[in-house]
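Given below, in the form of structure tokens, are the structures.
Here come two complexes built around chain A, the first alongside chain B, the second alongside chain C.
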Partner chain A sequence: MNGKNLEVLVMAGLFVLLLAAPFVVYPVLMMQMLCFALFASAFNLLIGYVGLLSFGHAMFFGGAAYITAHTVKVMGFPPEAGILAGTLAAAVLALATGVLAIRRQGIYFAMVTLALAQMVYFYCLQSPYTGGEDGIQGVPRGRMFGMIDLSNDLTLYYVVLAIFTFGFFVIYRTIHSPFGQVLKAIRENEPRAISLGYRVDQYKLMAFVLSGTLAGLAGSTKAIVFQLASLTDAAWQMSGEVVLMTLLGGLGTVIGPAVGAILIILMQEKFKTLGDWVLVTQGVVFVLTVLLFRKGIAGEIAAYATRIRR
Partner chain B sequence: MFELLGVAPQALFAQLIVGLSNGAFYALLSLGLAVIFGMLNVINFAHGAQYMMGAFVAWMLLTYAGLPFWAALVIVPIVVGAFGLLIEKLLLSRLYQLDHLYGLLLTFGLALIIEGVFRHQYGVSGLPYANPLPGYLPLGFMNLPYYRGFAILFSLIVCLATWYTIEKTKLGAYLRAATERPDLVQAMGINVPRMLSLTYAFGVALAGLAGVLAAPIYSVTPLMGSSLIIVVFAVVVIGGMGSILGSILTGFGLGLVEGLTKVFYPPASNTVVFVIMVIVLLLRPQGLFGTPK
Partner chain C sequence: MRSRGLIAGLMSIGLAATSAHAVDTSEGIKIGVLTDLSGTYSDLSGAGSVWSAKQAVADYLKDHPGAKIEVVQADHQNKPDIAANTARQWFDTDGVDVIVDLVTSSTAIAVVNIAKEKNKVALVSGAGSSDLTGKSCTPNSIHWTYDTYALATGTGSAVVKTGGDSWFFLTADYAFGQALERDTSAVVLKNGGKVLGSVKHPFPAQDFSSFLLQAQASKAKVIGLANAGADTTNAIKQASEFGIVQGGQSLAGLLVFLSDVHALGLKTAQGLVFTESWYWDTSDANRAFAKAFSAANNGKYPTMVHAGVYSSVIHYLKAVDALKSDTDGAAVVAKMKELPTDDVLYGKGTVRADGRKLHDMYLFEVKKPEESKGPYDYYKVRATIPAADAFRPLAEGNCPLTAAK
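Take a look at the complex of A and B:
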């Protein structure tokens, strides 16, 4: 069996598990995992396949959450239109910030995205629409397409699973498309990609917009699930968290970021009572992952599997 | 008294002094980042946390040992610098062969650990630190608080001394040479790994020093580093890390601009540095003092 078939088999198995999961695990926790799994997978598209480390992805996640919460709660949009509005807003934001950020490489790219995200954060803090420190609370879940009642956790779970599957499929298809191959070429050797005639900046921008849009989709969905958009979603700690999830699961692996997201959410859930130690634990996981298993969980397993097959 | 664009000169000059003292911290921190980046090719994300540590060590020295500010000004950079030395020896030195991004990720993790420990121990509400130089100098057109004046002058001297050491002395020549070709410098019999360790320790000590200077101005809190470091990153992007003098100038200049914004359009004072960063990225992507690659 070759690598790609194995990958598809693993994903199909995981999908079946996800279908059955809400009968075993608390559905809201599962939905939180799915939202963050999508967020991390979207982030991974940039760091894992283009080699660009964004330290500002919270602006897409949080920004979209605010737009969805505002359109649904204040303007009375149905949930599907609210999610669409949030996702589109994230796409526009990603286009505007991407044009600026891709002007610098490497470490500067990380600092530029972090600073741009901090700007969005201050906007969320000061703007009259966002409720300042309180955020937008009590967002109605409503009825999707006018008939699916989302106030039922189990129903909402399957809607979230459908959104996650859609987003994940988009990412999977992107990675395995000719476009994705060009992205990998840019990651491996940018000057060579340029000399082969690829407009590297346009490819980077497209990847940035796609990644930001899907991160926005995750944030919008989260706003409906928790009926809340808050400053936490847009703060730099959130950008750091998604970096951690992706790093732990495996940079540049297909399912790694989702695995990392699930583990970090479980960890937060377990250590909820420990307060500030959550921050310390996350820091320790960061340091250990960088020092001991840089490929991440999925990456190390894949490397192990290749070694065995030889 | 005359008015300037509808603003009383007292308020204007007061904000200029506040802006300049903020600029002094930007300059000290971005200088430390630039020195570390120049030698180690690592962006030290823990820089803000180390600045916060500096303020806390000064507070601890005063509270638990009764040592005054002036003693802290000497002791703290040594303590925080030694902490940096330990980090470099134990952790960072293992990553030099890898992509620069791993250094960033490692120091980000360290920043979370340091901040979490201090938050657990001291909470997030600020601890006061008594001003060692109370009072102000009446200049007629404004009152200059002694301490702010001292902080600006002191950090300016430290910045210029660092610039002189790196650009004009023999030690600085070794450093610059090791930045360009570490292998050749090593072959000349200079201990490059030790230089890397000491450079990191020195950059971290600068952050600690900035922390001591900041303690009497801002309240000492575990959060003081993380909010500042993001602005300092923007300062570094604006200035470019290629030039030592450039990062000093950019730091002070942006502090000044921020102070002016507070006078003329307060809501934008949080974001003005980021807006300038956007403009610089559009017009001169390599930064004001950077060289195009």
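Take a look at the complex of A and C:
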């Protein structure tokens, strides 16, 4: 059995699990996990496959959430149009910030994205549309395509699962396409990719826009699930959290970031009665992961599987 | 085989720590304290609120032995999404009937909406936004302890009446700060005072020196701090370094709690005036509550939020007792509005149709260090604002519940 088949098999198994999950786990919690799993996977597309560490992905996530919340609540869009509007807004934002940011690398790239994300954050804080620190609350879930009633948690779960699957499939296809191969080549050795005749800036921009758009899709979906958009989604801590999720699960692995996101959300959920200890536990788990599983949890398992196959 | 092992491994990760969610069928009442147990507001609410809710239950059980009441707690980390998720889960699967405390407005508004959707009850004590009885009011929620309108108007009118008739505002530059400034300056003008100017500072800010110098140069008698939390305490600390109070100007805080004054210390905070709804050293019953509170909470004294949690839980239990049922949240809240409130801490009061709990508010002034006789002996009462004047008139709130009538 080759690696790719194995990967497909694992993903099919996980998908079946996800289909059954809401009957065992609280559906809203599952939806939160899926939104963050998609967010982390989108982020991973950039850091794991192009090697660009963005420290401003919260602007796409939070910005899209605000646009969706505003269009659905104030302008009366149906949920699917709201999500689409949020995602498109994230795409435009990603294009605008990407053009500026990809000219730099490493820490400078991270700082440029952080600075732009902070601008979006302060816009969300100050603008009359966003409700200051209260955020946009009480967003109606509405009916998808005019007939699917999303107020039922179980129905909404399957809609969210469909969105997640779509986003995840886009990422999966991107990674395994010739385009994805070029991205990996840029990550490994950018000068060589240039010498081979690739216009790396255009590739990077494309990857940046794709990553930002999918992060926006995750944020828009979250706004519908929780019926609110708040500053938490756009704050820099959110950009940090997604880095944590990705590293925990496994940088540059297909399902790693999703696993990491699920673990972080589970930790927040299980330890919320402990108060301060949530952050301490997160810190300890992170340190242990970095020390013991260099490739992240999923990355380490995949490496183990490869080792025993030989 | 190997791949099967791998899949099993991944499955176990995916489902790690998940538990079967059984629907709670217990007959008793379950009270959820949803608060900030770890962040900025953990001193003014936090663990103290959990204790206060438990104390209210214990006091209630003295008169009603045998009632089954449970108190659970969770930390919302001041994030509305975590608050919303917890509230949903509590209502849907854990059998929680009422959520209390709810510090920070964004989390409170989120939970209030969910309580309405699920027909449960939310009793807000920690959060301040007057929107909770305005455009965000619901038939399933009551705003208990205070709101920003009451603080702004209480401080504004009482300070003008006691001689502080010229104001300068130091305003946090976002919706909340601007609303505070707008409400307060309206009251100052209405009472015959004047506003000499205002300066907006970024939110959050560390360095207030240039803003404070402008305030000092304005020669206004009163400097109004239209901000909250760390911004307020930072501004007060730096004002003390500039000797603003010693120079004859006074500081008026628009959102200050006992825990803030404790953190600042009397030397820094002396002379600060602000409005609160409750102080521990005003009656024997309050002092007894404070004593028990401090014994259980590492010597901390209760804030008005803690007292509000106690008071709201007592009244909720009374209403449930009168109805003999806790299943219909809107009915319980309607009963709470119908019954007059009466508890040892807040005394007698009422709950208005829009969900506003009415009681007297007090204008306090922070004592000088030499006036303080013991731990947490910090306030003297400058004025009492009767319940009828303290809160926003029903008609001005635009609460959809009352507008329909």
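Rule of thumb we're sticking to: the second predicted complex is superposed on the first by the 310 of 310 C-alpha atoms of A that agree within 3 Å, B and C clash if a C-alpha of one lies under 4 Å from a C-alpha of the other, contacts with A are read in each partner's own complex, and residues count from 1 in each chain.
As a convention for this text, contacts are C-beta pairs under 8 Å (C-beta built on N, C-alpha and C of every residue); 3 or more make two chains touch, one makes a residue touch a chain.
None of the values given here were measured: they were computed from a predicted structure.
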item: Touching partner for A:I297 - first (chain B), second (chain C), both, neither; value: second
item: Partner chain(s) touched by A:V74 [first = chain B, second = chain C, both, neither]; value: neither
item: Winner by number of chain A residues touched, once chain B and chain C are compared; value: C
item: First (chain B), second (chain C), both or neither touched by A:Q126; value: both
item: First (chain B), second (chain C), both or neither touched by A:A162; value: neither
item: Contacts of A:A115 with chain B and chain C, given as first, second, both or neither; value: first
item: First (chain B), second (chain C), both or neither touched by A:L279; value: both
item: Set of chain A residues, in rising order, touched by both chain B and chain C; value: 126, 275-276, 278-279
item: Footprint of chain B on chain A - complex, ascending; value: 53, 100, 103-104, 106-108, 110-112, 114-116, 118-119, 122-123, 126, 236, 240, 243, 247, 275-280, 282-287, 290-291, 294
item: Complex interface listing, chain A residues touching chain C; value: 1, 6, 9-10, 13-14, 17-18, 21, 24-26, 28-29, 32, 125-126, 131-135, 137-138, 153, 222, 226-228, 230-233, 255, 259, 262-263, 266, 268-270, 272-276, 278-279, 297-298, 301, 305, 308-309
item: Chain A contact footprint on chain B (complex, rising order); value: 37, 43, 91, 94-95, 98, 100-102, 104-106, 108-117, 119-120, 226, 230-231, 233-234, 236-237, 267, 270-271, 273-275, 277-278, 281-282, 285
item: Residues of chain C defined as touching chain A within the complex; value: 2-3, 6-7, 9-11, 13-18, 20-21, 37-38, 42, 46-47, 72-77, 79-82, 84-86, 88-89, 92-93, 104-106, 109-110, 113, 129, 131, 136, 173-176, 203
